[in-house]
Structure formats: structure tokens, C-alpha cells
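So, here come the structures, one by one.
Both complexes shown next keep chain A, but they swap its partner, so chain B is in the first and chain C is in the second.
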Partner chain A sequence: MNTRYSDKNPLILRILGIAGKTVILGIACVFTAFPFLWMVLSSLKTKADILNTDVFFPPDPQWNNITSILFDSPIPKYIFNSMWVSLAIVALQIVTGAMLAYAIVFLKFRMRRVLFAVVMATYMLPVAATYIPSYIILADWGLLDSFGGLIISSTVSIFGIFLLRQAFMQIPKGLVEAARMDGASHWRALWEIVCPMTKSSFITFGLMNFIGTYNNYMWPSLITKTSDYFLVSQGLRAFFVRDGAYGTEWALVMAASAVVVIPLLVLFAFTQRWFINGIGGETGMKG
Partner chain B sequence: MRNGAGIKRRFQKRYDKPPVVLLFVLPAFIPLIVFWIYPICRSIFLSFTNWDFISPTYKLVGLKNYLSLFRNPRFFEALWHTVVFTAGTLIPTIVLGLILALLLVKNFRGSGIMKFILFSPWITPTVAISIVWTWIFKADGGIANTILSALGASPLKWISSSDTAMLSVVIVTIWKSLGYAMIFYLSALEKVPGELYEAGALDGASKWRQFFDITLPSISPTTFFLMIITMVNSLQAYDQIQILTQGGPSGSTRTLLYMYYQLGFQEFNMGQATAVAVIMILLTVVLSVFQFKASEKWVHY
Partner chain C sequence: MSEIILKNITKEYENGFLAVKDVNLEIKDNEFVILVGPSGCGKSTTLRMIAGLEDISDGELLIDGKRMNDVAPQHRDIAMVFQNYALYPHMTVYQNIAYSLKIKKTPKAEIEQRVREVAETLGLTGLLDRKTGQLSGGQKQRVAMGRAIIRHPKAFLMDEPLSNLDAKLRGQMRVEIADLYQRLNTTFIYVTHDQTEAMTLGTKIVVMKDGEIQQIDSPANLFNFPANRFVAGFIGTPTMNFFDATCTEEGGQLVLQTEKGRIPMNEKKAAALRDGGWVGKQLSAGIRPEHVICADRGEEAVFEGEVGVFELLGSNAIVYVQTASGRMVMNTSDLREYAHGEKISLGVMADMVHVFDPETERTVTN
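Moving on to the complex of A and B:
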């Protein structure tokens, strides 16, 4: 009993263990990847093939389904909208979030703890509870159905404040104090000392919120009604309901989904480590 | 050294100048007030009125909105669906996420690509993948039923029957959030100190004992964090419901959030909609406080 379990195991048990592990992981991966695979396969089928359950692979790939989405549909416009609106929102969220997190960690003022408690409390509240009054505010300001309304209502990320605050806490206070002694302003201390030291948290914050905003659906769909201002999720849904007519054009609907989803998967392939290290490592409860 | 400590003490005593503090706090705090704190307060106020969104005036009606909700069977159905949906997504997500993380924590050939696959649903738009799942779940000609009949099972009506619609929405939600839980557990498992296992092995603890006595307590903060996050996400699930079922068939997937959406943005019954919102806030607060209290018993920091 004093040796390690795996050393004592007979070979047969170890082989069974590896087999079991492979089977479980295999099933999980197939289950996870299958909808993506099915989306791509379906997007290349003809109208007849897609309704024929005996046809798994498209016998005659219809690449023009994809090209018609890319060149003759509003989907690329929605992708473009989502792209630049998300970039604008994330840039604002990073600046406002970093400043507030800096204030909470490095500045000394009365109500500092209260301020952080308020931010944390809002982190858990259901955001949907704010939608009706926020909608009315945007209506009063004449910002419904506009990019301005989409951007201005999302300039703060509570998740981001929390993430940066956790990262800033790891920085020795003396570093910032020393910079201040040397005459650096708080603004410079934030961007030239604190920010480079917590670069990975900034990247994680940027990527996570970019994806979140890019994919966001409920709030944008409530405040925009004209297709010129649709973000990609709402645009795709409109395409699904109108052009897809809930099922007559399944191949085109799948092609549209593929055009939306695949660039994100590619982006993720290149940025995977920031997600995986970032969300696992730094937002995990540290206290 | 003495000098440094003196400077430090002097530094800690002094407050920063209010204009500097305001400059750093306000860019985030003003939007936070305008789009978070004020709207929450406003929602609470509106829930005591009979505002219909179109007319410029409204009356205070006291608890009428709440009372009519409590007399409405639709409300209790939605509450029940919220509980079923939350439990039905939270437990499998956490248990399966932990199992996958345990199997993937040691790197091997192909473990990187597996992590990539398992996490990928989380970064794709819920609307896009819900449309794909709508196609998969199609009652006649959908691939889900083709697979079921290939396995010898009888086909299901999935999202078009009130018996299976909730199950379908739950499957999609688990599919999407599984990788997220796995990633959190992976980094938590990597941080469990190896000496603990060596000590456990020396004491003659079996792998099972080690798992229950060492692993589970060590990762309990992550479990707690995931329970809160998954709960908050489930209470707010909207995208997949809107695409897959619109709350139907016959209200079988109408959660509180979806009821809020229908009351507010389809029926323009702002009083009742905000009353549902307030109940959702209370529910979140109560469940969070309950989880925090319970966590003192089983979470080890």
C-alpha cells in the first residue's frame, strides 16, 4: 500500500484506464465538434440533399452557397458592424476599467471600499433588469437604432474591472510609490508601469470582451430595429427568420452561420492561450 | 530602511487629491450609474406603477403588479422552468467539466487539440450555434433523430414538443458552457501542490481517497466560483431560448427572464415586467447569499 497506486497496477488495468479515458474524451470531443461539422457539411448541400437524411457528406459541394452569403447577402455587413463596434466598446472598456481598477488599488480616498463593494454587487445582478430603464434613457437621448447607442451603453465592463483589480493587487505598491516619488503622474504610472506588468490580464480582458460584445444579442436586438445597425447575432437571426423562412433555405442558413462562426474559430486558434491562461488563472478566486 | 518606512507611513496617511481621484473614477463610474445603478433603482420604482410604455403618465399602484403575478399560474410555471433550467445546466456543466479537466490535466499527444475543441463553443455566438442546433433538432429529417434511430431508439420531437423542449435547450446550454468549466478546473488542478499527493500516497491513501480528501477540497474555491457564475448565466439565458423555442411550445421553456422579455418588450406591460425583474434580482441575491453561507462549510481557501 505504500507505493503509488499506478505502480502497483497490473498492466491490464492500466490499459483499461487509458482506453476508458480515450473513449470518454473521444465522445466529448465528437459531441462538441459535431454541430460545427454538421453546419459546414450542411452549408455545402443542395436543397434536395439537405433534406435527405441518407446523405451525410455533400456529394456535390455547393460552394456557391458560401459565395452567395459572402457577396450577395447582408451577412458581411453585419460582421463588419460587429467588428468595429466591438473594437470601439472594448477600447473604451479597457481605458475606463483600468482607471477605476487603478483607483481602487493604488489611490487613497474615502469610500474606496464602498466603491469596490458597489462594483462587485453589480457584477452579480442580472443585467437584464436594467434593460427597460436603459432603453428609455437611450430613447430620450435619441440614440435608439444607432451605433452611438450601442457603444455608449456599454462603455463599462464590470468583469474587466474585477479582472484588472485582481491583477493590480499582485503588483508591489512600492513600485508605484517609487514612480510617484520620481515625479510620475498617476496617469503615467498606470500606463507605463502597471499596464506593462499586467499585460496578460489586459489581453485577456480585451479578447474576452471583444468576443462577448461581438456575439452579444439580447441588448443590441432590443435597441436596434434597422438592419443597417444590426450586429452579427441579430443579423443572423433576421436572416434565419426572413430569408431562411424557418427551414426552406437550410443550406443558406447554415452557410451564413458558417461564415459567422469560422472566423471566430480561427481567431480562437491563434489566441487560445490567452483565453485558457487568462480565465483559468487570473479570475479564479484568489481572495 | 528606516527612511523608506518613514516615507511609506507618510504616504499611507495622505489621501490623494479629490480631483485626481475623480478623474480616475468618473469615466467608469458615470456610465455605471447611468446604465446600471440608476436603471436598477428605476426598475424597482416602475414595478410599483401601471406604466404601459406608450402613455406619458402612470399611476402608483402599490403591490398590484406583484399580487397579480402571484395569482398568475404562468409566473409559477416560469419560476419552475427557471429552477429546472438552472439545476439542469449547473450540475452537469460542473460535474462533466471536472471529469474532462481531470482527464486532460496531464498533457499527452492530442490533449491540446482536445482542449481547443471542448472550449470552442464558448467563443462562438449563441445565436449562430442555436440556429445550427435548431437544424439538428428538426423533428423530421434532423440529424439528432437519424442518430437516435441508428442507435435503435425512437425519435423525439425535441424543440417542437413541450415534453422535450426544455431538455433540448438544456443540452445546447451544457454543450456551450462545458469547456468553460473545464478550463477553470484545469488551472485549479494544476495549482494543487504535488506534495499533498505524495503525502497522501505515503499514508497509503488510494486514488479515490486522494481525490476526495485532497483534490476536491483543494479545488473547492473554483467549484464555488463556477457555481455562482453558472447560476447567474443560467438565470439570464436568453439567446438560445429565443432562437430554439421562443419560450414555447405552450410556454414549456419560458423562464423568468423570457417572461420579463415578453411582458416588457412584446406586451409593453412595464409594471409587471419590472416586477419580474425585481423578483429576478431578489432570487439572485438570495441564491448568492445562500451559496456564500453554505460555502463556509465546504470551501477551503
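Moving on to the complex of A and C:
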């Protein structure tokens, strides 16, 4: 039966259906966006207005909150730290993840499936369980409280390996074989044939891990203690507790939080199209 | 100059499956060698071992006298055309064809010139800026060939390159490949399961079955002197008719006795049968449909039966006859219509009969 939905339902039911969907999605949007909106609005209020729950919109926008965060606080330094450390980590994770995924999908060797199973099994491990061994290794290498330690301890992303493996599996093996016959090494085949065809997965992987690393709090706060090496979350917390619980400058904390989110929003705006494709598993290979 | 030698090549997969068993093959410079056989016979695996895309489990592969077993595909200087074309979808036709030269760091001007030449040869000039997704099957096939010929490799490997095309285009591309072979003057190794492609293109045909080579010969010899029953049945359309017969001697003349008649053996065949000690024994015999004749004008009838299906193909007709020896197919140029159920007698051209050992299936009388 190929009956169209609209043919069988009277107009009123269709309108009700659309209205229902709109209401549900609207509520979900409000719940998701409200804390963000609250943060942005609070960043433009005075401390007294923030604590006064009767005031929602700032009566007199305090733009100096933002400027003082940008020019008179260590927050921009933390953002810079987070940005370049995240970039370095993501770059390494992409290289290692792509190489391992390529090997698992396109190379033939004994225990290939076992290797993938072992890699995936480590994904099941609670992150906290890896903290102590990782800490000891970094301590042995003298990399505690350094950018080197932050970067090296996050060189491999299991999620990325899995995501890229799934994407690579959509590519006909013949393409890689054709590249090999054309004279390409595995390295070239990976970056010149496989990578451009799974671009959206690479972008999704990069973006998700960039956001995760940028916002990461627990692990960086365990291995760094000098404020020079702080990433944003840790920096925000330090900023938050700077003046003790009673002296917290809520307006500045909110302004700092809002400023910290800006780079991520800009990044997402540019990569949104690919991001959705990558999650949907579209590799541009159909047909 | 490129000579490819396979010495006792074997391919065994991890699960123990033997895909290719002890294959020995010598391919000389400028030969057009066809590997042909039914699905799963090991022909593609053999080709892929020559290409370097499959590891060789045992044996030796020599190209121009050098052992190539452990040499990576990109260092073998061999080009390959794949069954599904394997064109890079994110590149234009130009980039696809130029890719191998780009890897070799050929100067841009030379790449441009060579791509234009190849495009001219293959009729792709107007398509160079297109993405491969915008091409038809035949055009994709040409791009795949262009990608191979631009490199001037030692040898071309082709893995069922025409099997994704429709019948008309396949015929057309077959002629183009034959033409290309004449012009390029290089070694071609071509895998197909289509015996028409094998017979029309190859200068040497290798028939394979279950990972083993059955016969290596020229197309004409393969057709006229098959080494065994499998080759006899595989080459030729419609396939050869097989029937049981007993070798008997009648007044000094050796004959094959069928259920309905006798097929006299000529001197050569008789000598082979006598030497093999086949007199008085049961044999398996075969006759091609074009060597079966209608025996209603006084020729000796060897089979009698009823017409099942009659196919008029234009210049010839195929008649399927159900006899006591099984179904016999006659390919005749006598275009009279045969009615379904009509009783007819069939004779054979005695010199064209093939005789096989019923156990080993090897030819007795070649």
C-alpha cells in the first residue's frame, strides 16, 4: 500500500500533529538553550542584578564585564592554551586514529580482528581507572605540569578510531588497491584517497574531540598546577574561587564563561554542515 | 621487454582454503594472456598475486628475471584495470588519469601533455574536467584504461574489465581493447569468465578450475584439441555434447558404439585408442554442436530423439534433441524449421569427435 499520510488524515489532525511536534521540540530547545541564554544575559548584569531573580534582562548592560575579562584577566591566556593544546591533540589523534583505522580496514594481517576488539575494549574502561597509571607514566617521564604531558597523554582517541573505521569500511577496497597500483604508498593512499572521501567523518572527529579537549577539566587539573599551563575549565575554576566563596564576582564569572564559549561557537558555525554528515554516516560514497 | 614467470605459485588463505594450487605459467613479452574459468577457479587471485595485492603463500613470481614475491605493488611497474573501475570519486577525469604521474613527481607540463594524448586515444578529451560520478559505464571504463596506459607499464592486468557493461558496450569495448593491444605492443594479462572474450582477445589462454591450470594453449588449439573434458565443455557455445560410447573393433576398423549407431575412428584416433588399451572399454565422448548433423539423408544415424527446443538465430539455428544418450544440441546452418516433438536422427562428423578417459577425464585421442 502506498497511501500518502496526508490523504488519510483530515486537516485538523495534521495541524494538531505539527503543533504537537513544535511544542515538544520547543520545550527541548528551551531546556537546552536556557542555561546558555541565562549565562549570556548574566554576563551583562551587575552582581546585584544577577542575584535578584526578578530581573531577567539586564536593565543596563554592563559591557565593561566583557572588556575586563578580555583585557584585565588571565582568561584569554587560558583560551589560547586550550586552543593550541586542543589543536595539537586533535592533530595527533587524527593521524594516529586514521593510521590505525586504515590498518584495521585495508591491511591484511594476523589477529587484525583481535587488535580491533582489544582497542574497543579499552573504550569500555572507566576513564577514571586510567588516571593513576597515566599519572605514574607521565611522572616517570617528567612530564607532569607541562603542555607536553597534556598533549602526549591524549595522543590516541578510541572514539576517533571507531568513527573512522566505520567510515573507511564504506570505501570499496578496490580504490585503495587502485591507488597502490598507481604507485601510492599506504601513507599516500590514506591521505589522498581515503581521507578526502571520508572528509565529514574527519571533521566530526576533529570537532568533537576539539570541544572535549577544550572543555576538559578533570585530567588537566590532575596533572597541572601552575597557572601558566591551565586550560579554560581549570582557569575558570581558579578565577571562580579566586576571591573565596563570598567574594565571587558572579558577573565576571558569567562574562568569562561566555567569552570562553565563543571560539567553540565560531568553530561549530563553520563546520556544522560536515558535522551533521559525519554523525549521519554519510561519506559521499553512495552510488 | 617484460617476461613474467609464475613458478609453483600457491595461495592458501588463513582458513586453510587453497585458492591457487601449484600454478606454473610463462608469459612472454607482448603476449595477450587470458586467465579464464568459472567463478572461484582462482583466476582473479592469480592476477592479484602478480599485481602484489595478494601475498604468495608458496612459489616464486619473476618479472624480468627478478623475484617479486615481497615487492610492494607500487614498485612492480604494473598497471591494473579493475572490474568496478575503481576510479577516485573525488577527482576529475584528468586527475584520475594523472594521479600515477603525480606520484612519480613527473613535471606538470609533461603530465598535461601525456594526459591529453591518452584522452585523445580513448576519446575522453571533452570529459577531462568532469567528476567520475558524471560518466557513463563505458566512459568510466575508458578512464580506468587511461589511468593504466598513461604509465607505460611493463604489463597491463585486467580483472574482468567488461563484466559491468551491457552486452552491446561490452562488444564495442572488446574491440577497443584488442585495438589498444595492437597499438601499445605490451604484455596484457586479462581475467574473464566469458569465453567469447577469451577466444577473441587472447594470444594464449590459460583455462583454470579449482585453483589448477587445466590447459595453456592458443585459442584455436584450445577449441580443437582440448586437454580434458572440462576444457572441452568450457570452451565453445553452445557447449560440447557429451555421451557414453564403447570402443569396439569391427573388421579391423575401430568404432565408437553408441546406443543407436557407430562412429568410425580415423587412423590417428584409432592408434591412440589402441595404444591406450581402450578397445572393448567404455569411454566418454564429446562432439561440438556444429559437428552434429541431421542424418535424414542417408548418413549414418548415431542418435535418435525428439526435438525439444528450436532456436532460429538468423544465419544458423540451434536444435535441442532429447535422445537415449542424453540431450544433444545441434548447431546447423540448414534453416528448415523443426517442430517440437518431431522425431529426428542425428549423425556426427566422425573426425571431430573427442574421446575422454571416463575416470581422469583427460583427452585420449588428441
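A few remarks follow.
Criterion: the second predicted complex is superposed on the first by the 265 of 287 C-alpha atoms of A that agree within 3 Å, B and C clash if a C-alpha of one lies under 4 Å from a C-alpha of the other, contacts with A are read in each partner's own complex, and residues count from 1 in each chain.
Everything below uses one rule, namely that a residue touches a chain if its C-beta (ideal position, glycine included) is under 8 Å from a C-beta of that chain, and two chains touch if they have at least 3 such contacts.
Bear in mind the structure is a predicted one, so any value in this text is a computation, not a measurement.
Residue contacts after overlaying the shared chain place A:19 against neither chain B nor chain C. Touch criterion met: A:110 reaches chain B and chain C at once.
In the superposition on chain A, contact is made by A:254 with chain B only, not with chain C.
Using the contact criterion defined above for the overlaid structures, shared-chain residue A:172 touches chain C, although it does not reach chain B.
Touch criterion met: A:188 reaches chain C, while chain B stays clear of it. In the superposition on chain A, A:120 contacts neither chain B nor chain C. Note on chain A: of its two partners chain C and chain B, the one contacting more of its residues is B.
In the superposed model, A:197 makes contact with chain C only, not with chain B.
Once chain A of one complex is fitted onto chain A of the other, the partner contacts of A:27 are absent, as it touches neither chain B nor chain C. In the superposition on chain A, the residues of chain A contacted by chain B and by chain C overlap at 108, 110, 174, 177, 181, 284-285, 287.
The part of chain A that touches chain C in the complex is made up of residues 108, 110, 172, 174-175, 177-185, 188, 193, 196-197, 284-285, 287. Taken together, the chain B residues at the contact with chain A in this complex read 7-8, 11-12, 14-16, 18, 20-21, 23-25, 27-29, 31-32, 34-40, 42-43, 46, 96, 99-100, 103-104, 114-121, 123-129, 131-133, 135-136, 138, 141, 143, 146, 175, 178-180, 183-184, 186-188, 201-202, 204, 206-207, 221-222, 224-225, 228, 232, 235-236, 238-239, 242-243, 257, 260-261, 264-265, 270, 273-274, 277-278, 280-281, 284, 288, 301.
Residues 14, 51-53, 55, 72-74, 78-80, 82-84, 86-90, 99-100, 103-104, 133, 147, 151 of chain C are the ones that touch chain A when the two sit in their complex. Within the complex formed with chain B, the residues of chain A that make contact are 1-5, 21, 24-25, 28-29, 31-33, 35-36, 38-39, 42, 51, 53, 95-97, 99-100, 102-103, 107-110, 115, 118-119, 122, 124-134, 137, 152-156, 158, 161, 174, 177, 181, 186, 211, 214-215, 217-218, 222, 232-234, 236-237, 240, 247, 250, 253-254, 257, 260-261, 264-265, 267-269, 272, 275-277, 279-281, 283-285, 287.
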